[in-house]
Amino acid sequence: MMAEQMISVSGVTKTFTNNGKPTNVLDQVSFDMKKGEIVTLLGKSGCGKSTLLHIVGGFLKAEEGTVYLDNQLVQRPTKKCVTLFQQHNLLPWRSVLKNVGLGLEGENIPEDEKKVRVMDAIKLVGLEQYLHQFPHELSGGMQQRVAIARAFAMQPDVILMDEPFAALDTFNRYHLQDELLRIQTQMKTTILIVTHDIDEAVYLSDRVLIMSSHPGRIFKELEIQQTKPRDRTQGDFLYYRKKILEQFELSGTNKAPEYMI
Amino acid sequence: MMAEQMISVSGVTKTFTNNGKPTNVLDQVSFDMKKGEIVTLLGKSGCGKSTLLHIVGGFLKAEEGTVYLDNQLVQRPTKKCVTLFQQHNLLPWRSVLKNVGLGLEGENIPEDEKKVRVMDAIKLVGLEQYLHQFPHELSGGMQQRVAIARAFAMQPDVILMDEPFAALDTFNRYHLQDELLRIQTQMKTTILIVTHDIDEAVYLSDRVLIMSSHPGRIFKELEIQQTKPRDRTQGDFLYYRKKILEQFELSGTNKAPEYMI
Amino acid sequence: MGRRELMNLGKKILNFSIGMLILLLVWQIIKIIGDYPEALLPSPVNVAHTIIEMIVDGTLLVHLQVSLGRFAAGYLLAIIPAVILGMLLGRMPRIWQIVDPIIQVLRPVSPIAWSPFIVLWFGIGNMPAIVIIFIAAFFPVLLTTVAGVKKVDKNYLKIAENMEMNRLELMVKIIFPAAFPSIVSGLHLALGSAWIFLVAGEMVGAQSGLGFLIVDARNTLNLSGVLAGIIFIGLLGFILDRLISLFERWVGSHWGISS
Amino acid sequence: MGRRELMNLGKKILNFSIGMLILLLVWQIIKIIGDYPEALLPSPVNVAHTIIEMIVDGTLLVHLQVSLGRFAAGYLLAIIPAVILGMLLGRMPRIWQIVDPIIQVLRPVSPIAWSPFIVLWFGIGNMPAIVIIFIAAFFPVLLTTVAGVKKVDKNYLKIAENMEMNRLELMVKIIFPAAFPSIVSGLHLALGSAWIFLVAGEMVGAQSGLGFLIVDARNTLNLSGVLAGIIFIGLLGFILDRLISLFERWVGSHWGISS
Amino acid sequence: SPSKQSSEDNPTIKIGYLPITHAGPLFLGDHLHNGQYDGYQVELVKFGSWPDLMDALNTGRIDGASVLAELAMKANELGIDLQTVALAHKDGNVLISSNDIQTTADLKDKTYAIPHKFSSHNILLNEMLKKNGMSYDDVNVVEMTPAEMPAALSENRIAGYVVAEPFGAIAVAMEKGKVHAHSDEIWPNSYCCIIVLHTDFIRNNKEVVQSFVNEYVALGKQADLKGDEVYDAFSKFMKVDRAVLELSMQWISYDELRVDEEEYNKLSDFMVEMGISDNPPTYKNFVDNTFIDGAS
């Protein structure tokens, strides 16, 4: 059992101080992820999803609690766990090829193999026609593909994604969700996705962690037992959707006044 | 019948020239809207939705075709038809109160009545606590509410909305969609909404106009016969959803390669 | 002022003091290593004496007032027409296309080079300094105002159209406030360059002011006077810069622009 | 170059020509209305004669070369350390907090005010001009580089952490390219102010150069020479500005920054 | 002061000057009379450099000046209507060299500083070189702000300089340089600075100009005595040690301020010879001795 555990978060607590007022953003958050699992963190804007992801990735220190990655305490970011941020994932001054290759530049592997790995990753997301394009010459969807390719090129144990498809239009989003599932089936990477989109959570994940706000807690865990690929227009899908919506109404935060940014 | 017609678009064609290459963005688009109707224009990113909305609003001239608003040829924007743009709808240097009041400043009505109308609109969207806040002090959802309040304060015949809730998280989006329906039921304003979100189209509109891309055309018209308020988790909802998705697959553009921005 | 801000201010003052101390130290070290006589590089102590003397006998106050008066006059005379003209030219791209090269050709010329003509048209005394400060302040404000007006978000203009605003309303309610952050950053820029040219301005036929103080001290080989003048110009420039920075930050926070 | 760009260039040249024509006209009108003698305000025709003479006898070319050489030296000597120092200081907020006030106090002091010390340390000839250009160029580049480094998107730094980059890699692969657009805009700014101080630089003990040309013409009461010098400085400044603007635009388009 | 009120409507003569010993009588007058004279006032206007002064003079912003003769002549040649009413002083210039320069021949290929091309200093340098069988091109002549000359000499940037006083004396007092030659060894009774007034001003204020010249001559005689009041006056205008001033004062004289035709023509010839003027104004056109002749 323990060997299968990829990520283990326990008792993570985080407080931010804004204008002198401390706010408890994360309160005693704990969860585990098995190897090869896709888990989504679902919650409203400002509930602390990104903060939690940053702590898992090693970018932020929690005040309390620990994060283990493959049974090793996470203290700083490593190449074993690649994070895709909410925005600005690509270096705008590098072409697609060089962006995808970034993670391998420091690696101690032969140049030829690097090239092969980079090209494989680019083919995986179907961008072999755009090798020498720069990010700003690509559409939003293509940019996200480049970021995904870069993550997979590094062959990490875990990929953390922060609302990876939120900025795309519905159709592009559907498309990329399908791609991600296809690639993950092939590569078996463990993926933690942050989202506020219920459909996305249901469509992509093996397990959904529903977060409540103020303070951020894992309110409910939901296993999605449908097989993949799933049908967005089918009854089962609707069932989970409804269940999650109910959970949010239960969590009570739906009726709370909107907080200010 | 003709008296009931609020908007009448016929044969609108528009071509943009990018880097010397002309692209036909809109091709012979025609549709009508009855008074008090909510219609959504549903289409992928770049299919010409915003362009069409700008032409209806009088901000852009079409090369061919005409737009009639309440039986009058639209030649420039007027207060009778208020447009909410995709972004930057609020003047950042004005408080909530002054942003909402903007449209009434030139009006020839007593100051008292202006105040009442502004306050009514602000109450309608539930922001009476934030009168003196500035836009950047509000969350994204609250900002959109201010924009909606401004539009309704002007008591226009028509409101045009360009992806009004696209930047919000799912929960905020749901919330504001409900609000919009509530207000519209009360005010009976004719509303044309541009969106790429199928759920939004099904949830809000009396009629969905599905657009295809390159060139932008109205590919299919779909009447939603469910009564409002609708249940997002119900079977009927799913039926329309499925139908629209099928339409998009039929339109063939789903499989087309992504274009560049 | 909250406690945090007070602490912040305290920290800034500390940093400033450390910075100045380092500067003094470097100066003293150069003096010792180079073994320069007082007539070539005065020591900090002597310059301090000179400064105290100038403060006590009131010369400093007189020259300071004169300089600040000229500076205020030149700066205000420059920025008001520059902002108004910039708002108009920013909305008239055709005319701007012709005016722009004229400005771009005039701008690289140092105000000092114009001095024969400045004396011809404006005489001696206060006016040349005011004119040179005017020249130094006018162009940055004009250019940033035009740039600011040009990059006003198209949506704001559309909102104005939608509200059926007339031209004056458009200018007052939309263009000016939307371009305001740009204008303020232009004012900041202009303040800096105008202050730098204060010395140059007061070199041309002026009989008073901080710039004159420096030139006169130099002519009388009183290098400790030159350094005293430099120190005053530097400190005053620093203070003016901080004041307008505060204003700029206030505008930024008010407009929701994160610095 | 495409046809569109060619047309664009043609239009720019036309606008420039119209602008210059207006300038000449205004000059001639002032001359006629003010009824100034040649010794006080030379006419455009006479200045044109002077210019042609200077071109024909080669003096212009000589001075031009000298000035451009000094300018290039001062500018390059300034920007290279300024960029490197700026990158380092931008990553060391503690130290920057102390260095910043030092710079803010030194910056408002006109390079001209330092001239007695510049002569003391750098003598006469090329060096004072180079030093003054250096001073004028150094601060803008340093400040914009530091600002650029500070506002590098935090995500880029996180990407670097994620890739386990070392400090050098971080600087070379992330900080420098991310701050590059800021740095280039600093280079642009610095070019402008350095060029303005060319005249001042060549006033201090130089025996050649465009600045000297102006100063010498003024010394010998040859105002048509002064105007000829002003015209050259203006035109050259304009050309330099356009060149770096082109570079800046190229960087902007390459980095996906819409102007 | 009480005298000020009564003199409110009196005409004012604005005289430009540079803070050098060559304008000594003006300083003395200011010290003794505070600019108030019987029937007129003198307002002294200080300038930082000769070109600044000339800009103001040429454009009529000042009525007259104590200025380099060559510069005034050049301005006249260019059409600025000026007249000389007196010499400002006589002699008073020294050629300074660094301590390791022994003979004029040592100056070959060295850098030598002058304040201005249109100056007697430039002529003095040329004459000195000529006397020693050298030509002007044998040294590298540079124009420099007087204030920077002592520093440049002490840092060995230049081998020497010739300029208005007290800048020469400073280097000597600092022991950074020495007197290489006195002006009277090279060009006896050399003219340097003169008092010029706008012709219009003279025409419209004949009496005032007469009294002004009278006063200037008298002040010159007093200044030539080099008493304590002279040093008091000078120290108001030039912030240098008394020792330096005393040294400077040994070399200058303020009596006999009438412009002599023979000397003037000599100066004029020098200018033509050096190529700094093609067509200098004639003695008759440029010098108006009626006032100084009326003064004695």
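Brief remarks follow.
Each chain gets a letter, A, B, C, D and E, in the order it is written, and its residues are counted from 1.
The definition used in the following text is that contacts are C-beta pairs under 8 Å (C-beta built on N, C-alpha and C of every residue); 3 or more make two chains touch, one makes a residue touch a chain.
Small disclaimer: the values here were computed from a predicted structure and weren't measured.
Shared contacts of subunit A and subunit C, meaning chains that touch the two of them, come down to B, D.
Although subunit C and subunit D share one sequence, what matters here is the overlap of their interface residues, and that overlap exceeds half of the numbers used. Taking each chain's centre as the average of its CA atoms, subunit B and subunit D sit 50 Å apart. Note: centroid distance subunit A to subunit E, computed from Cα atoms, is 84 Å.
Per-chain CA centroids place subunit D at a distance of 39 Å from subunit E.
The set of subunit C residues touching two or more other chains comprises 40, 115-116, 120, 203, 218. Those residues of subunit E in touch with two or more other chains are numbered 51, 55, 59, 145, 147, 151, 155. Across the assembly, subunit A contributes 137 as residues in contact with two or more other chains. Per the touch definition, subunit E reaches subunit D in the complex via residues 50-51, 54-55, 58-59, 71, 74-75, 78-80, 111, 116-118, 142-145, 147-148, 151-152, 155, 157-158, 276. For subunit A in complex with subunit D, the touching residues are 57-59, 76-79, 81-83, 85, 87-89, 91-94, 102-103, 105-106, 134-137. Interface residues of subunit D, counted against subunit C in their complex, comprise 11, 15-16, 18-20, 22-23, 36, 40-41, 97-102, 104-110, 112-117, 120, 192-193, 195-200, 203, 214, 218, 223, 226, 229-230, 233-238, 240-242. Those residues of subunit D lying in contact with subunit A across their complex are 153, 155-156, 158-159, 161-165, 169, 173-174, 177-178, 180, 254-256.
Every residue of subunit A that touches subunit B in the complex is listed here, in rising order: 44-46, 137-142, 168-172, 175, 196-199, 232-233, 235, 238, 241-242, 245, 248, 254, 258-261.
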